[in-house]
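Please go over the structures that come below.
The two complexes that follow have chain A in common; it is paired with chain B in the first and with chain C in the second.
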Partner chain A sequence: MLIFVVRRFGTMVLTMVVVSLLLFLLLEINVASVAIKVLGPYSSEEQRQIWLEANGYLEPFYIRYFTWLGNFVVGDFGESIRFKVPVGEVLWPRLGNTGILGLATMIVVVPLALCLGVLAGMKEGSGLDRTISVGSIITTSIPEFASAVLLSAVFVFYLDLLPGTSSMAGGFSLNQLILPVMVLVLYDFGYVTRMTRASMSEVMMTHYIRTAVLKGLPYKTVILRHALRNALIAPFTVIMLQINWLLSGVIVVEFFYAYKGFGALLLEASLNQDIFLIEACAMVAVFVAVATQTIADVGYTYLNPRIRFA
Partner chain B sequence: MTDITAGIPRRESSIIRTLKGMALIRESAVGMIGLALILFWGVLAILADLIAPFDPNATLYPLAFPGTTVEGMGTFWLGTDHLGRDVLSRIIHGSRTVLIFAPLATFCAYLVGIPMGLAAGYRRGMTDAILSFISNVILSFPVLVLYIIIIATIGASATNIIIAVTFASAPGIFRIVRGLVLDLRNREYVFAAETRGETPWRIMLVEILPNARGPLIVDACLRVGYVIITIGVLGFLGLGLPPPDPDWGGMINETRQMAMSFPHMTVFPCIAISSLVLGFNLLADGLREVSLRD
Partner chain C sequence: MKKVLNDETGKRVHPYVPELCEQLRKGDLDRREFLRTATLLGVSTAAAYSMAGKILGEPVTKRAVAAETPKMGGTLRWGMQVQEMTDPSKFDWVEKSNVARGIVEYLCRTGSDNITRPYLAEGWEASDDLKTWTFKLRQGVKWSNGDDFGADDVVANFKRWLDPKTGSSNIGLFAAMVEEVDTGKKDDKGNPVMGKRMTEGAFDKVNAHTVKLHLNSPVLSMPENLYNYPTAIVHRNFDADGADLTKNPIGTGPFELVENKVGERAVLRKKQGYWGDEVYLDEIQYIDLGEDRAAWLAAIASKQVDGIYQFDVNQLDMADRLPGTVVHTAVTAQTAIARMQMDKEPFTDIRVRQAVQACMDHQKLLDLAYRGKGAPGEDHHVAPIHPEYFKLPMQKQDHAKAKKLLADAGHPNGITLKIDVGSTSGKWELDAMQAFKEQCAPGGINLELNVMPSSQYWEIWDKTPFGFTSWTHRPLGVMVLNLGYRSGVPWNESHYNNPAFDKALDEASAILDVNERRKKMEQVESILQNDAVALQPLWRAVFTATNDKVKGYQMHPTLYHQFQKVWMA
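For the complex of A and B:
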């Protein structure tokens, strides 16, 4: 078990290093245009060259990469060109905001999706199952930007109940959190529901459930004591992996609602060629994704005794 | 020499069998609704020039609400946008953009993903280890993060969107194909082909790939849906196809500032894109249901 965890952790670190190199290579494509962003479109070629020289952009690629990597490991993420402050100063508060958004979404999605999935999977092919299944296909078919528009049209334009932007300019406000969370929940719960349903209906067909039913246990006991424990192992992985999707969704939602979060920051950084900020944001995103994947893998082996020492 | 296959009824070609299998979709109500939605948009896309009441890029009459009739012009059934372009015509022409680029980009992703998956699953060993590691690295990015960084770096154009989709989706396809091949490579017909001395690539493409088609067709439907969403999201974030040609995501982005006063400009493109994605998702669900039945 320990060896498995260590190996998983090693892969995680290696993935992060390769990702950072890949990102660096990708951003290398038009590294020279950083000067244009900083000095403006009317700067002369000469000025740009001087700026690039002064800021170390003309050094060979590998030197810049290893300098960056060395600084990154000790927590110095470089300076943001866009915000003219160290990257960490913009990044961490933004990340906290996104954390609130993500946490709120998960708090709604997990119980909702598990309940619906279990209800649908309990009796495959029943009316309830079909309703939940089709319902979850419909909600996952509506892209986040579309549901953001539709929900805003209803709750902001027609009913005038909720604010249309969530910039949190006047401090934290729960009211402004409702719409972004609603959009994320709507898009994300369907997949978890379907996976829970699949897992549940598989368990319901096993012999030990049939035995439990035949020996006369109340249906409630069969579901709660026998079926659920086994049916909820697979959804655990799905929920952990869902965090990766959530990070994508967060970008759209934060952009739409002007929420000062990490996704909006990444988008702004990308559009402004803010290389250090892009690097830092992307590394954080990949770290979250890889870490949740590792937790999912390790947790799965822990939860499922049959593969514990595989 | 006598023909030893005489008397054995010839099997239909695998293409015909695939089509017959897919025709079973009519047994699934959900699948038929999906197919109908896709066909609806498909017909609109093909006949866009005939059906669309106005030129999608012509500025006619600004800020008309749905159903407004203007003397000498006609009725704007879904209203007009901030520049006075007919929303209905733009949606109809936009279906063309989506239905060309989404399947094309998905196809390119398969073109890359399938050979990778075949090679990794069939050869295993080092090939598998290297290809798997590469795809794990790419898959560890949250999808949209990858798209944004790629498009923001290489610029927004139709070709670049296809490149980005291929780059981001091929690893997912690789994983599925690899899994299927690992299972199929131990079948008797593969051993038979190996004994006959067929070349590895012939075995992969002729013996293994056709037998993996079922799950791949279902996956392709789902994936086209995702790609439609992706193209929409990129358009919405301002990284999509350059204006003025209508693109659903772009339409939403251009008009969302006015969504609070003129919701029709954004709501209708949203409904359009959702219904098309829904079509592909329902079709995939129907196909899966039908394929699991036997």
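For the complex of A and C:
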């Protein structure tokens, strides 16, 4: 088990290094364009040369890369061009905001989706299963930009119940969190539900469940004690994947509701070619992706002995 | 002997003022234009209103305003993008100037009625030839650091603006104070590289509160130029203090900067001891609602903000229906132009440019892209609401002419052109260009649209050979022509270079009499229209919304924020 964890961890680090190299190649191989982006299109050639020299851009490529990587590891991401402050000062609060949004979504999605999935999977083909399955397929197939408009039309413009944007300009407000979370939940719960349902129904077909039912155990005990334990392994991985999606997949929602989160920041950085911010955002996104994947793998192995000893 | 006129207070009156009165009497001039020109020539606003009243037989007192007593205090929350705000002379977004406008002030102020009034300058006089302008500065104005405001500040600002190293667009605006010099360098072809520098003796400080400007050529619009948004007056030590208004927000204005967090919010708080009338608001908060204008309306619908920067024409129906929300409209000279750089292939050939021009049906684009709210453009960037506007014959769409021009230019099988569209002033830009693409096709032009985000467009707006650029409103036609079409000025994005045009524009800019100037504008407009460097589908109206608690707000055609008289019910 320990060797497995170490190996997974090593893969994770390797992935990050490869991505960082690609990122660096894409954004910083052409030093002249870096200087233009930092100093603006109206800067003179002379100013750019001075800047390049002062910031070590005339060094060989590999030295620049390792210096950059070294700075990155200790959290020095450079200065944002658009915000005119160190990248960290913008990045961490925004990441925190998205964390809040993601957490709130998860708090709703996980119990809701697991309950519905288990209910549907208990008896495949039943009326309840059909209702839940069709319902979740419908909500999942409505893209966020459509459901955001729809929900805003109803709750903001028609009912006048909820605030229309979530910029949190006056400090944190639970009220402003409702609509973005609603959109994310609507889009996401169906998928997790379907996965749970598939896993549950598979378990329900197995012999040991049949045996448990036949030996006269109460149905409740069969489900809670025997079925759930195995049925929840697959959803665990799916849920871990949702964390990754919640980080970079929320761009649409954050843009629509003017929520000051990581997704909106990534979009803003790209639109304004704020290269140091793009680099930091990309690396954070990649880190979260590989980290959640690693946790999912390790967790899955722990939960499922068949894989552990394979 | 030259007659010297004085008003009741003994102040000298510009000799052109009686002529103005005569024109108003005869009906050659409307009331608004009379007020505008008379105040520009140094007549006080009150005196100008009184003169107009006497001539037109109207009561001097304006009609009674609804009897609501303004309330002190309150916070105004306004939805607008919050950007970096370093150097006012380099502002290229009105949004930046709106935050700065509470902190730093201008010499003159053009109101939402298009009339320019004294501000930090308490008055001005122009010489008869309009080449010498004397600005008397207000006394007793203090900077927020305790220094006295005076002529030194104004002189320091002019020096910064007219220094090419500063990189301010003001150098084009005040072209009459700048001269061309040989930099001593040669370009690749061996031609001398010309640079610009401030004319020797372009201004002098008469005393601590008087500044005289000496121009190379007559300019009528000096006071209006001094309210163009990058001309805010900063403290004389602005450069020495680090040239950063955010870090060192010293100003004469009624508010002080509490915070400016780019992309999030900016907060201005009422300052004690402001020199002017006390402002009603305690605080102004600018809240960044991102780039999605649907979110802006949603924010005002749910009362999260009290006003928004603007909304699009296609949101008009929705805004009209929002309860508790007031829609404001301003007729403007705002526009966007599809401009072609005349020094880049294939636009070096005037026939190609004219072929593109011949394909455009302006009225149709106005109807399709802007629901007819505004006026059709005429490819010369002078709007019907500009006082000097001369009506040229209507242009007609002519596909046969376009095909012939293209064939003559060596493209008998048509041509493919790519235009960059940044939609910097809203989605209507893309709608207009999509419709224009269809209009181009029968003329043998395959117009490809390169759609890009607005902030990215501003990186290339003056570099791309063919781009669709939005231009804000300016009160006079000659102002925008001087900024954008005179040879060699920084904002000349089409690289337009026509000495005949420059000369005609110089002449027009020097004529005080609006009727005479209008005659000259026929030539200016025709040259620009025939050279077909800037195709202009339409002039657009602009819209914004406030909730009904906001009182005393008048929308400015340039979207400038003037919140001095705004109060919250």
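General remarks:
Here is the rule we go by: the second predicted complex is superposed on the first by the 272 of 310 C-alpha atoms of A that agree within 3 Å, B and C clash if a C-alpha of one lies under 4 Å from a C-alpha of the other, contacts with A are read in each partner's own complex, and residues count from 1 in each chain.
The criterion applied here is as follows: contacts are C-beta pairs under 8 Å (C-beta built on N, C-alpha and C of every residue); 3 or more make two chains touch, one makes a residue touch a chain.
Just so we're clear, the structure is a prediction, and the values are computed from it rather than from any experiment.
In the superposition on chain A, A:E268 makes contact with chain C only, while chain B stays out of contact range.
Touch criterion met: A:S152 reaches chain B and chain C at once. In the superposed model, A:I137 makes contact with chain B only, not with chain C. Once chain A of one complex is fitted onto chain A of the other, the partner contacts of A:K215 are absent, as it touches neither chain B nor chain C.
Contacts of A:H207 after superposition on the shared chain: neither chain B nor chain C is touched.
By the touch criterion stated above, A:K260 is placed in contact with chain C alone, chain B being left untouched. In the superposed pair of complexes, A:G164 makes contact with chain B and with chain C alike. Taking chain B and chain C in turn and counting the residues of chain A each one touches, the greater count comes from B. Once the two complexes are overlaid on chain A, the chain A residues touched by chain B in the first and by chain C in the second are 149, 152, 156-157, 164, 255-256, 271, 273. Listing the residues of chain A that touch chain C in their complex gives 41-42, 82-84, 90, 149, 152, 156-157, 160, 162-165, 167, 169, 255-258, 260, 264, 268, 271-273. Note for the complex: chain B touches chain A at residues 30, 133, 136-137, 140-145, 148-150, 152-154, 225, 229, 232-233, 236-238, 249, 252, 256, 259-260, 263, 266-267, 270-271, 273-274, 277-278, 281-282, 285.
Within the complex formed with chain B, the chain A residues making contact are 11, 15, 18-19, 22-23, 26-27, 29-30, 133-134, 137-138, 140-147, 149-150, 152-153, 156-157, 164, 244-245, 247-249, 251-252, 255-256, 266-267, 270-271, 273, 278, 281-282, 285-286, 288-290, 293.
Residues 77, 79, 84, 86, 167, 262-265, 285, 287-292, 294-302, 304, 318, 322-323, 453, 455-456, 459, 463 of chain C touch chain A in their complex.
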